[in-house]
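Each structure below appears as structure tokens.
What follows is a pair of complexes built around chain A, which joins chain B in one and chain C in the other.
Then we have the complex of A and B:
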């Protein structure tokens, strides 16, 4: 079963279009939603949360089809935004007092445990909290009603490396319960290198791929070699290519094909998600 | 508690920070300054209407509401419920403060029912106009809408004072006073139709809006 199913979702804005995107978020795993800024990650996440109404397409969450008039499924979702969405003139305790009664599974002890672990001062106003504290508070609120699906929109942006690592450990704990699922949107792909099981990559409003992270890393390959090896046909083999005075570095999405083309004449390297994202986003031929 | 009650509770909690403003405003424009001051009767309910609706004016606040397990039409309905009940409370509160001021100054404690009812009716009718406009213009145009609203109420205040003192209006008011059942049905019916229409329009707008 899939925690989220997105089928042929499109959404047009003045200067941007999400085109016919389809993918699934498998139940019980961490799925990373990656792409450069403006790729469409937040539009997808907001569509799942019912905040954005797609022009076309269908979305199911935890087995239920959703539309703008359904909201009961959000009882099962913990949502963490990249920005503060709470009333910042309230204290953390006052904000909790507003949020908690909306969830029938609210666990006050768990909430207090997270407040304690994160060392959050309940009487402090949200606007006086640092970015890290606000994110921690969002996490505490999101996890305290035992959600089956945790949706995070760029949660690690602007956080220090220590807390980023702590957050990833927290996610690893949460996902130990096989009924739980995480959808994690980010452009900081190093976070996903550590924890993601599946990766969905969107670029310029279009889906590039959505599959198991290991399969992606097995399929893509970086090739480094001399410029004399390049001609028009060879260049077309690469998703993205970077040429320097002495050589080239290119990303191929077909490992077997480039190995058969170049044999032992070049160096090969398994790309990181960041490199896949970089070359795909930049595309074409870049001269350095 | 139902979702509507929880959202109304949220609106009350958010209003707490404006409590001092409401108290100061009520005292300044109560009968201690001028008896039966229309700025108290008309403006206090409007002030509360603006404050309640604007609690969720920021795009981030709308996003927060979007994360809650509450249907959009309930979010809209709760705004009407919060604003409507506070309008009524503010109208009655204005009347009570004015009575106390009269008692303090003249020793005569008179509750001006007609003004209180009038302010509540005009407030509810105004709410029926304001909330759909708010949803239509959206958070970005909300500030502009509020400025227009304040100007409208201030100008309207003068106009209402003028209208109330004309001979024809006095005759109509007398009729309302002498026919409480008929006037109650007419006013009540008009308010219900206006608010229902307004709610349907607001829901239709908000259901299609990206937040």
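Then we have the complex of A and C:
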């Protein structure tokens, strides 16, 4: 079963268009939604949350088609926004009092446990909190109603490396229960290189791929070699290419093909998600 | 059993797991019937994805080294002592090949090597 199903979703804005995007978020796994800033990650997430109404297409969450008139499916979702969605002039405790009653399975003990783990001061005003504290607070609220699906929009942006590691630990804890699912959007892909099961990559409003991370990393290959090996046809073999005075580095999406092409004349390396994102987003732009 | 991963080694993560669990089983550190960590627990402990861990366990299952029982988890396989012996002999063969290659590099001939092995054996053999 899929926790989220997105079919042919399109949305146009004045300067920007999300075009005919389809993908699934499989139940029980961590799916990373990656892409450069402005690729459409937030539009996709807001569409799942019913905060953006797509011009076309269908979205199902936990087996039910979403209906913008009804919000009850959100009880099952823990949502962490990349924006501050809370009232700045309230304290954390006051804000919690507003949020908690929306959830029938709100777990006050669990909430207090997270406040304690994250060392959050309940009486501090939200506007006086750092970016990191606000994110921790969002996570505490999101997890305290036992969601089946955790949706996070750039949760690690603006967080220090220590808390980023802690967050990944928390996610690993949450996904120990195979009934839980995580959808995690980020442009900091190192967070996902290890823990993500599936990766959905959007670029300029279009889907590039959506599949198991291991399959992606098996297929793509970084090639490094001398510039004398490149010519017009060879250049076309690469998704993106970086040529300098001392050699080239390129990303291929067909491992077997480039290995048969270059043999032992070049160096090969398994790409990181960041390299796949970089070369795909940049295309064939030359760096001199 | 310890499993230590090196993401930058170039060897796929799932193969690193397979190699290390296989090693523990073939060396007798993990005996038949020993339960392995659940897939999700191991993924959490190693900070890797569930799918990668599943792939490693599937591989070990195909090699006949572990058995997975639905709802109970995975265990070191018991019924396959013959296979384990064969695997160990294969590992030994790899070491012999390495040894022979080193002999060619030095070079010394095989007769000399065999004599040397006998000599080391006589002196008390193994280094443990």
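Assume the second predicted complex is superposed on the first by the 287 of 288 C-alpha atoms of A that agree within 3 Å, B and C clash if a C-alpha of one lies under 4 Å from a C-alpha of the other, contacts with A are read in each partner's own complex, and residues count from 1 in each chain.
Here, a contact is a pair of C-beta atoms (placed from the backbone, for glycine too) under 8 Å apart; a residue touches a chain by one contact, two chains touch by 3 or more.
What you are looking at is a predicted structure, and each value in this text was computed from that prediction instead of being measured.
Greater residue coverage of chain A by touch, when chain B is weighed against chain C, goes to B. When the two complexes are overlaid on their common chain A, residue A:101 makes contact with chain B while staying clear of chain C.
Using the contact criterion defined above for the overlaid structures, shared-chain residue A:87 touches chain B, although it does not reach chain C. With both structures placed on the common chain, the touch criterion links A:44 to neither chain B nor chain C.
In the superposition on chain A, A:152 makes contact with neither chain B nor chain C. Look at A:173: by the touch rule set out above, it reaches chain C but stays clear of chain B. When both complexes are overlaid on chain A, the residue A:196 reaches chain C alone and has no touch with chain B.
Annotation: chain A has no residue touching chain B in one complex and chain C in the other. Chain A makes touch with chain C in their complex at residues 28-30, 168-169, 172-173, 175-176, 178, 193-198, 212-214, 218, 269-270.
Residue ranges of chain A in contact with chain B, taken from their complex: 46, 49-53, 68-75, 77, 79, 81, 83-87, 89-90, 94, 97-99, 101-103.
Of all the residues in chain B, the ones that touch chain A in their complex are 1, 3, 6, 9-10, 13-14, 17, 55, 60-61, 63-64, 66-74, 207-211. Contact residues of chain C toward chain A in the complex are 7, 10, 12-14, 40-41, 43-44, 47-52, 55.
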